[in-house]
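Shared between the two complexes below is chain A, which has chain B as its partner in the first and chain C in the second.
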Partner chain A sequence: MIRHIVRKEFTDLLRDGRFRWCAAIVGVLLLVSLGSGLVETRRAEAAHSAAQETARDHWESQGEKNPHSAAHYGIYAFKPRLPLSFLDQGVDPYTGTSVWLEAHRQNDFLMRPAQDASAGQRLGALTAAQVLQYLVPLLIILLAFGALAGEREQGTLRQLLATGISRRDLALGKALGVAGALALLLIPAAIVGSAAITVGSPGPAATPLARGTVLAAGYLAYFAVFVALSLAISAWVRSARTALVALLGVWVLNGLVAPRVAVDLSKWLHPTPSAVEFARTMEREIRSGVPGIERPDRDETAARLLAEHGVETVDDLPVNVIGVYLQESEEFANQIFDRNYGALWNRFEQQGLVHEALSVAAPLLAVRTLSMGLAGTDVEQHRHFATAAEEYRRDLMRRMNGDLAENSRTGETYLATADSWAEVPPFQYDAPSLAWVLQNRTLSLAMLGLWLVGAFLVAGSLVRRAEVA
Partner chain B sequence: MTLRTVLRNEWRLLRADRALGLVLGVFALLFAYALANGMAWVDFQEETLAAAREGNAERVESLETELQRIADGGRPSSPFRDPRSPSVLGGAAGAHTAVLEPGPLTALAVGQSDLLPYYYDVSIQTNESSFLQNGEIENPLNLLVGRFDLAFVVVYLLPLLILALSFNVLSGEREQGTLALTLSQPVSARGVVSAKLAFRAILVMGLALGVSLLGVLFSGGFGSPGRVALWCAAVAAYALFWFTLAAWVNGLGRSSAWNATVLVGAWLLLVVVLPAGVNITAGLLHPLPSRVEMITAQREASNEAVNQRSELLARYLEDHPELAGGVAADEANRAALAWAATDAVNRRLEEVTGVYDERLAAQRTLARRYRFLSPALLAQEALLDAAGTGDARFARFRSQVREFAERWRTFFVPAILAGEQMTADVLPGVPAFRFVDEQMREVSARAAIPLAALGGLLALAGAGAVVRLRRVTGPGS
Partner chain C sequence: MSTQAVLETPATGEAPPIPVRAAEFEDPVLEARSLVKRYGDLEAVAGLDLSIQPGEVYCLLGPNGAGKTTTIHLFLGFIEPSAGRVRVSGFDVARNALDARRRLAYVPEQVMLYRNLSGLENLQYFAALGGRETLSSERLTDILVDVGLPLPAVGRRVGEYSKGMRQKVGIAIAVAKDAEALLLDEPTSGLDPKASREFSELIETLRGRGVAVLMATHDLFRAKESGTRIGIMRHGRLVTELSTDEIGHADLERIYLDHMQE
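Right after this comes the complex of A and B.
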């Protein structure tokens, strides 16, 4: 019997002009956004890896130079695009794309693509993820709002139940019918998506297939929540019209109101400092240190080295005092950077948790966080890259200062040879593993699971009590 | 029965309808919340700017003390930071923070003000790459989602309120069987619909404009009445567009349920799908140029400059013969050599940026053509422009900071080349930045385009409504 219900629902939907139109619009938008995301990601990735190579060339071809001059010259790191970022560009347009790794300073990421876009482009950016998060649920609502309420209004619900089918099987059949119609739209998109993943992207390997599979499962759970919710409300309210209005209300709350409320709430709960305040604090701490993190002193360093080596003057030291002192200054500054940047990053992550926690009212927030995480475009993975770049900078400075300290004497003019720069290993970034990503996203996963179970339980209970007329 | 009777009757119905009262109450709350958010943001910006100004004053004060101490026979605290050197006094240690005050109506529309920088430290090191800096510290996730401000409520949610109030102004009467009775009186269908919609429009626009004016009052925006008028015009035109659309759909003579579906569909299409489609199309046909290449170009320029310092100084003096007389005879004037190299890098950067900016401007012009398709994009543009948080005011700020940096250089560079020493006496004469805000004329001229386009869409919907409503005669039609 349930097979007949599924087939009837499916055929009905396919014959419905409204569905065909909506599905066509959503389908086209989905395919176009997939394609444009792919084109854009590949273009950006090509530009970034080319720039990264040029930056390395610049570094290697510095010629004879003092290592500290080379440290000041530094090198640029460009953020690679992960393979899945074509699905969901996440916060990428709002984080910088490159950072200058130089002596004494941890720089900010610069050049946010969004700063070059106009206000209008900010209003309506569209990625495949947004089609999946906003438009597909809407399509589900349009497909399912009348599933039970409509039958009731037309008086066909009584006839149907008279055939002996249980309310639960009827609802299940309707749900599967909707799912079937939806599959016509999603399967081609999934094929295009996975083809794009397997064809491969030049970005760093980040187990794209595994990430893609979890991503697909997350979206399917999200869609299932909407199917269950639509059926629940359709069973609960009297008329199809009321069901539609109520479901659209849910959609507006889920997609428009809750995300922005989360922004303000997160800022209110975990305020971030202004850039002026942040820079001033850092400047003050670098200038005079903080309790427990003392600024090194050149004379003290020299005195300590003299004592260690048991010699009278710096000229007798086997090392260059300047090199040792520079490295000590780096290590001092690094602690100050870790203190300040660490606190800021933690604030961002706490704010992110507020967004995730609010998914108790809006499943979109859970699936969005999950999607950005798997696509590698969330704040945490930006931090992951920023940390890797900073580690590389610190290693570079250690090498430069070590070269200066060991291969020269205090006060002498020392130039490292032209071929010494190539000995520094190039910057290599490894994207985090799937487990790392999921571990960050446990709250979203739990919330999505909760929504799935909750929506099905509520739907089950409301369907059982659905009135016949 | 007159139109006044219709209005009075509507008022009674509305007071009796608890659901409608609830919806209006919810919206009043949303408006208040949005306004409170916007005002908190303005407060934050003002505090930040106060801190920036304080930093300015502190820098000048400490330089003054140091210069005075040196004049009295003291030694500079660091040989690299001797403030008598013009490249130190005009450099980062003596930088001047150029600030952009929040737009007069920022409390109503946060717009681009959370993304684009509203202050820059200007020194002789300021060049095109200085404009690549980030704006305020903000979680990228929050930037992505955007704020819950009044502009958001107006553009996205207000249409929904309007549609909820007016999707059945005519169809409802027909379904209740009261349409025939109403039209038997000396009123036309057009008159009835107009009166009912006018009543709702007064209610909705009264709410939206009332809250806007309240926000203006609290945040002191009445200093620019022209902007307030523009804001109100944009809100009114956008709201009227949706009312007119509702009138048109009602005039088609279908059921209330059909009207509701079609109107919600129209909202989705015009507010959600079209802006996204417009941006996808624009992004595919006219992609934003990548800034990554700029870094490479900048590096290459500075490599070259460092390698040919003395040659560059000679070339610089050839280009600026008026300065040649003042250059210290000492060939080893390191500051002058360094400046020549810096200047060469700056010129090269300006070239690269110039090319980039041209491409960006062309891209934007092309992308902006498509906005005429969506009333939401038009309304947003007009609202942000009125509030002073749109792209134009920030572009103006940047260009004034550029000019200011040039003035700053003109003040310090001749002294660098001449190897002069500065004293505390020069401090009062150091250039200071003052933002010259847009003339109301410019703002209105710019906002006139989206407003006119919005007016055009309004007229289109109005014509449709008039034609359809004229044909409505009674329940049988």
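Right after this comes the complex of A and C.
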């Protein structure tokens, strides 16, 4: 029974010029955004690889140099693009993808396209995720708003129900018919996406297909929510026009109002300092220390070392006081960084939780967070990378200061050999596992599930009670 | 093949035929007992008692607002009665609306179809939903042609059809369903005289096969021609019942007008 409805709905939609035009526009935008995302990701990945190699070459060819100078010379670390990042750029355009690792500083990330882009460019950079999150639901609304209200208005609903078909089967058939029409649009996009993942470089994440599968399931759930909502409202209101207006209202609330409210509310509940304010605070704390985190003193370091080694002068020490002091300064600064960046990251995390919690009012917030997470471009994975880069920087500084402390004496001019830089292992980053991502996105998954179940329950109830004429 | 021939050939194709019933079947196919439907203070149907046996064609006459369409909608289970009971082939419509509807075919005053589908595709769709999915395209085409749709129009999209052509497809949908009961709400609306005449023949054939027919109409002539019994409704009440064997056309018109003037 249901298959007849599905087939009829599918045929009816395919013959509808409005559907063909809308689907063609959304389809072209989806394929173009996938293609441009893929090209851009590949270009950025190639540029990063080249820059990483150049940075490493520069590091290794420093020649004879004092290790502390080498520490100031520093090295760049580039955040690798995960295979799915071409779908969803997430926060990358705002957070940046490379960081300069140098002595004494935990630097901000660089290469932030959003920083350099004009407002027009930002609007023009339509990603596949935006097409899936905004335009596909709009297409679903255009396909389904008349599902029951239109049938009722035209008078066909009476004839349909008079055949003896149940309302549940009718609604299910219509939902599957819309899904079939959407599949025409989404299957080619999924094939292009899968091919891009399969033939592309595997990247640091070992599970791009698993991530892609979960991402596809998440988007399908999101679309199913819109199909159910469209059916529910179409069953509830008297006319197809009212259904369209109501559903467009839902779309605006979901896509435009809720994200704005989520941003403002999360900032209000968990405010973050401005970049200038943040930098000033850290500078001040590094200059003066804070209670419990005291700034090291070179004379005290020297006195402690003399006592530890039982010698009278620094010349008799088996280590270079400067090297030891520099490392103590690093460790002091690291505590200040941990204190400030830790608080900042925690604020971002709390803001993220507000976003996820607000997805109870708008499924977009849930699917957007899930999408960024699976694409590897969310704040948590940025933090994961930033933490790995910072650990590498700290290890690098420890090596440089250790070399200076152990291989030279206080007051002596020390130059490390030209081949010693190659002994420093290059920066390697392993992206978090799918399980790690899903654990972080539990709330979004739960909210999406809640929306799915809730939307279908409401649709079922309203379809059962829908008036026939 | 004529309408008569199409209907006398079991409309099966591959589907099993519905057995022809005897006109003197004991249990009514369509039955309303003390049926009431209120909309606020308005009683659209006020204590209607109606019983239609297999092979009987019951015509409901009455002015606009008399309660004819409401009665049909109550039999279809589209609205719930405020009081009383409606049964179709023994199924209480309030409790088993789906079972009741599966035994009914319905032709509304204005048959509405899917513009992007052809007449044949519309018929295939409604027939399949009505449980006649095994009927072949050839068989359905025959039904469409025999209810008066020109053969070249069968494959054309319904968006190009006139009201009369849509009405014929609606009648074909009812014929294809091969139901035990037929509910007709002004079915000849939009049909030309020839098509109306063919429709009367069709009803006669269905009656012969034991189908119980309830037809709401303003058309006194068609009611006398096609009906076996006539009920005149006014203000939701059945004011009189007549047997068409006992009255002529002129009598019917006089009785009807007398009741309308009361």
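Criterion: the second predicted complex is superposed on the first by the 464 of 469 C-alpha atoms of A that agree within 3 Å, B and C clash if a C-alpha of one lies under 4 Å from a C-alpha of the other, contacts with A are read in each partner's own complex, and residues count from 1 in each chain.
In the analysis below, a residue touches a chain if its C-beta (ideal position, glycine included) is under 8 Å from a C-beta of that chain, and two chains touch if they have at least 3 such contacts.
Worth saying up front: this structure is predicted, and the values here are computed from it rather than measured.
Judged by the touch definition given at the top, the superposed model places A:43 against chain B, while chain C stays out of reach. In the superposition on chain A, A:317 makes contact with neither chain B nor chain C. Chain A is touched at more residues by one of its partners, and among chain B and chain C that partner is B. Of the two partner chains placed around the shared chain by superposition, chain C is the only one that A:165 touches, whereas chain B remains out of contact.
When the two complexes are overlaid on their common chain A, residue A:11 makes contact with chain C while staying clear of chain B.
In the superposition on chain A, contact of A:156 is made with chain C only, not with chain B. In the superposed model, A:468 lies in contact with chain C only, and not with chain B.
By the touch criterion defined above, A:84 lies against neither chain B nor chain C after alignment on the C-alpha atoms of chain A. Listed in rising order, the residues of chain A touching chain C in the complex are 1, 4-5, 8, 11-12, 15-16, 154-156, 158-166, 468-469. Residues 73, 76, 78-79, 98-99, 101-106, 108, 110-114, 116-117, 121, 125-126, 128-131, 133, 157, 170, 173, 177, 183 of chain C are the ones that touch chain A when the two sit in their complex. Within the complex formed with chain B, the chain A residues making contact are 25, 29, 32-33, 36, 39-40, 43-44, 47-48, 51, 54-55, 58, 76, 78, 90-91, 93-98, 108-126, 130, 134-135, 138, 240-241, 244-245, 248, 252, 256-257, 259-264, 266-267, 272-278, 280, 344, 347-348, 351-352, 355, 378-379, 382. Those residues of chain B that touch chain A in the shared complex are 30, 37, 44, 47-48, 51-52, 55, 111-112, 115-116, 119, 132-148, 152, 155-157, 160, 256-257, 260-261, 264, 268, 272-280, 282-284, 287-288, 290-296, 299-300, 303, 360, 364, 367-368, 371, 376-377, 380-381, 384, 390-391.
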